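Attaching a single structure in structure tokens format; questions to follow.
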Amino acid sequence: QAADAKTSFRIAWSIYVGWMPWGYAADQGIVKKWADKYGLEIEVVQINDYIESINQYTAGGFDGCVMTNMDALTIPAVGGVDSTALIIGDFSNGNDGIVSKTAKDVAGLKGASVNLVELSVSHYLLARALEGAGMAERDLTVVNTSDADLVAVFTSTPDVEHVVTWNPLLAEVLAQPGATKLFDSSQIPGEIIDMMVVNSETLAANPDLGKALTGAWYETMALMTGDAPAAIEARTAMAKASGTDLAGFDAQLASTRLFDQAADAVAFTLSPDLATTMDHVRKFSADHGLLQGGVDQVGIELPGGQQLGDPSNLKLRFTEAYMKLAADGAL
Amino acid sequence: MATARRFINRRPQRGSGLLLAAAPFVALILLYLIGSDMRLSANPGDKLLPAPSSFVEAISALALQADPRSGNYLFWTDTAASLLRLGLGVAIAALLGLVFGLAIGLFPYAGALLDPLMAVLSMIPPLAILPILFILFGLGELAKVVLIVIGIAPFLIRDVAFRARELPEELLIKAQTLGASSWQILLRVAGPMILPRLIGGIRLALGPAWLFLIAGEAIAATEGLGYRIFLVRRFLAMDVILPYVAWITLLAFLMDLALARWSRARFAWAAGR
Amino acid sequence: MATARRFINRRPQRGSGLLLAAAPFVALILLYLIGSDMRLSANPGDKLLPAPSSFVEAISALALQADPRSGNYLFWTDTAASLLRLGLGVAIAALLGLVFGLAIGLFPYAGALLDPLMAVLSMIPPLAILPILFILFGLGELAKVVLIVIGIAPFLIRDVAFRARELPEELLIKAQTLGASSWQILLRVAGPMILPRLIGGIRLALGPAWLFLIAGEAIAATEGLGYRIFLVRRFLAMDVILPYVAWITLLAFLMDLALARWSRARFAWAAGR
Amino acid sequence: MSQITVEQLWKAYGDRSVLERINLEVASGSFVTLVGASGCGKTTFLRLLLGQEAPTRGRLLLDGAPLPAEPGPDRGIVFQRYSVYPHLSVLENVVLGLEFRAARWLGRLRGPARRQAFEAGEAMLAQVGLEAVRDAAPTALSGGMQQRLAIAQALILKPRILLLDEPFGALDPGIRADMHGLIRKLWHETRMTVFMVTHDISEAFALGSRILTFDKVRRDPHAPEAYGATVTYDLQGRHRLPLAEEAPPCAAA
Amino acid sequence: MSQITVEQLWKAYGDRSVLERINLEVASGSFVTLVGASGCGKTTFLRLLLGQEAPTRGRLLLDGAPLPAEPGPDRGIVFQRYSVYPHLSVLENVVLGLEFRAARWLGRLRGPARRQAFEAGEAMLAQVGLEAVRDAAPTALSGGMQQRLAIAQALILKPRILLLDEPFGALDPGIRADMHGLIRKLWHETRMTVFMVTHDISEAFALGSRILTFDKVRRDPHAPEAYGATVTYDLQGRHRLPLAEEAPPCAAA
């Protein structure tokens, strides 16, 4: 395999509350420390545009990339790149939400236009919210809107009344007088998962890459949580880098279930709920043409050998192995 | 005798000229096919350089089958939506170009008032002020049309103004000796004489117009060629993106050709210029 | 006597001309101040039209205080990064324009080979192929420079080719009677004579070049004027966006002016054309 | 009816004097030809008569009243080139002046007024021998035909003064002779005052009832631009002098 | 040394015959002037001599061998306009031919070779009276000076044949006389063969040792383009005929 005997790797990340630790870990030399420990070189690259970072990963430009569980399925896995969710960093617990200027509940969206990034987790969140309210997507109009402009259009354009978005944009949107949150991801806990995904072949050939990344991640987790001055300083730096302040960042963290303990992440990965979630996700993807071969087009492997979809086309794998090493202090 | 002639004096024959013209295209296609084959044999799921058959499939799915969600034939609704926006934007910009350009170029007072403003406006990158546009014009069709107008109108205005100043002074003087008022000169002399140049300006502006259309559609839309490209970019669907790019290129090419033809037929007198 | 003259014949005096030129700018500033005041008095937290003092604060924070994270003065590192990319992209495109444009315009064989290709390439909207570019050229500096090159080189090539064909045939014939080879004609006659036109073409291409720079930086960068605008756009930080837009406009304006001046000084012989 | 008086006329562009101390009385109905070396200010003099430029000093009077300060239908003009509108047909070119006069807002006539104007235009075209090409585009005409059209266009409003700036300079010798016949015929018929600039001395003498030569009389070798030209010879027509040899050129060759 | 033979020369563009059945022997060192109405093919004839166009039928021989099929340093040319390079100084314009000859790759000389070439250039400039403006830009020169420069530029390579296409057509009468003196002097000195097109009959007779008039002898009223022009008169110099009156113009006015 081409992935053999590599010692230098490139990892991409983009700005989001659950991924800011990667930037901090790179800036502080934590990644370098762990890479050195395993005799590797790891370059951590920040990319403005989230989708572009995943596309680059899918095209082979990076060995690993941060993304959500849904995007991991619909972009690299569908694109034939066998990917492994190395670290489950967090799940959105209110970080994604539906906000409206006029409607009071999800049912009030009937017939309206909703602005969101189409085919993203926002779209998924809306679909799940509608399902809960006994509606379907055809009951309203989805307007694809770039995430960079959602805040601007919601706060300033009268014809944009309802948006679905994520933090920190969600906080900006909610700060608008008269804005109501109709639904958020805390009502579907554990379904929008943020993770570090690496190429399965690369990982198989270089397990040390997984160890180094996992080690760096949990060291950063330990550093940034709590009220110690070092933790405050770390979170302040992350806040600044994502364009907000400590209070804003902490507010975002509050609506994120960050697995700062590796053991919690292992438990989450092993729970049977993960299979249910992925089933929801793949059904949504198939409904929206992202899995053109049907729900079963891509095989998903879960810990403990459970599989969803086509077993001969396993492209997305969840594993607790590396997080477990961290939990056991074996790195 | 012809063998030793300078390269600058050597012209290809008709047939070999056509062959030469086709060569780079054939080379590009071959290059693509080889690249695609290489990537696909390494990873059959690869989406970056799909096989030609995938293009056919993807486009026939969009063009010949109704979308189950909306019941539309997406390829055609995308095309219609984009062409409408483009047409409106270009038409409005052309009108502004004609009116303001003529005024600035012909009337020294109008020039003194608006020339520096236009010079500055034409330097503002429209993409940087997108948020302001949305705020002023909303997120609907209007904003997309306005983006095109803002993107190309300053150029057209300045181009027309420049050309109006280039009109042979003799013809303007002569009109005055024929008793024409400023308004009549505008209407019957400068206006008609500038039209072929306006068409030329529009042809130059079509490229940027497409650019702004795509940028506008990338930001907020429910249909359109640019919308589709940026939407399917989410899952790297090059089997849709590449045919769409080819289609846009073809449309742009046909528009350019049509304008050139029409201008030559309608303004035959301006041909030699 | 001057009272009844046609509008077309009336010219503002020097002083009133300056006043006229300033008027639209003053009007725009006033309009902004009023709008800003109205919105701020309704909602003091409004970010859309910040008070002028906010601009000063935001920009002095970026320009005069080092960023604690990187130790850089962001405003200046942004400017330097963008100018470097722009300069590289434009320089490469200009070189391509000169080399390929001259070849196409001067040598019938080169024209037959490349002219149709360029016509088609120039019609492809570069924004539509952004995803392809990033994948081909990565997300580093290269991709951003390439985007600028791809965006403006076809225009420059075609412009130079067109102008090369417009060179007075007599001068090319005369060079041949002076014993010049094709290569010598290129080097000493056509090349130097096309340079001022190339500068003119670059001036026209600067607008699109800024556009592509900003589009490229919006997607993948860690610094740059376009990057900053798109980063803070998420938070509607107009107090940063508007001064950045003004700064970009000023830079573009100065570049245009510098090129015009330089061209006039260096190529005085081409002034009358 | 159209007597021109020039009093102490002086024209300078900035520091550069072009014309100085010109005094003239031109009787109504004269055919004045203007000759002189290149750069001597002949065109400038015509522009002053036209009202396109204002004198720096001195006055220009038409029948005792100051000349209007901008071009108008009382003074027609024909230039060496660019005298006809390429976007209009031959007939439309001729009719243009009538349309400007009658249709203040649209500049375009309709109905019977239009028919009448176009009939007048055809009559005018017949006079200059262009009736056969009335629907052609001017760009399809030869140089001589274009100049005939330009003259017809200028004459349709019956201007009191006709200004011609080297009108035949770009034409072939043979065609030029035809044009001489035509312009003389029209001048005889209309009795307007004609000013015509030419480089061709024999043309000046063949046509002019009065010939004016322009030249500098004062020269400062250290400041060649300090002084302007003035009228050096004022001759009656049909009277020949080898002027070209006598008058040195104004501009350095 | 540079004898030109024209045998049954025939030139057509598509269906349009421009020149037909031209047969000529021109002795080395002749000064041939070509006259004829506009559109009669004079320029076309020069282009054939230059090698810029190929004959449709017939042959052109230089000292018995076929003329090279493209322009080269054996045949110099001066056009009515656009004959000098605006981006080079006056001296650089003259030296250009020497640089092309000696510096195959750079087209630019260095060191002593350069000094030598520039000295030759200055000598050439002195011959045409331009030594005072050697460092000026050609755009700053008057029309007459530009034509002198163009001639100097063409002569520096000592071409065996010099072709002139209405070289003085755009000049003032006074300056034109100067140029006649100059060209006659240079012709006397170099003894090259000169072909000069002119519209001015007196110029043709004043300068030419041989005068050729071009005109159509065959005309088909239904297909005016069917026949081309040929040499209708072949006269020795210093012999005058009122040619302009006799030969009707080829192109309709």
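The letters A, B, C, D and E name the chains in turn, as written, and every chain counts its residues from 1.
Note that a contact is a pair of C-beta atoms (placed from the backbone, for glycine too) under 8 Å apart; a residue touches a chain by one contact, two chains touch by 3 or more.
The structure displayed is predicted, hence computed values, not measured ones.
The chains in contact with chain A as well as with chain D are B, C. Compared with chain E, the chain whose C-alpha mean position is the greatest distance off is A.
Centroid to centroid, with C-alpha atoms defining each point, chain D and chain E lie 35 Å apart. Rounded to a whole number, the gap between the C-alpha centres of chain B and chain E is 47 angstrom. In chain A, the residues touching two or more other chains are 55, 59, 148-149, 152, 156. Residue numbers of chain D whose C-beta contacts span two or more other chains: 70.
Counting partner chains per residue, chain C shows two or more touched chains at residues 6, 9, 48, 131, 135, 176, 181, 218, 233, 236.
Interfaces, counted as pairs of touching chains, are A-B, A-C, B-C, B-D, B-E, C-D, C-E, D-E. For chain A in complex with chain C, the residues that touch the partner chain are 27, 45-49, 52-53, 55-56, 59, 61, 147-152, 155-156, 168-169, 172, 175, 177, 237, 240-241, 243-244. In the complex of the two chains, the chain C residues touching chain A come out as 43, 45, 47-48, 68-69, 131, 134-135, 138-139, 217-222, 227, 230-236.
Within the complex formed with chain C, the chain B residues making contact are 6-12, 16-17, 20-21, 23-25, 48, 106-109, 112-117, 119-120, 122-132, 135, 155, 172, 176, 181-182, 185, 207-208, 210-211, 214-215, 218, 225-226, 229, 233, 236, 238, 241-242, 244-245, 248-249, 252-253, 256. Of all residues in chain E, those touching chain B in their complex are 66, 68-70. Chain C contributes residues 1-2, 5-6, 9 to its touches with chain D in the complex.
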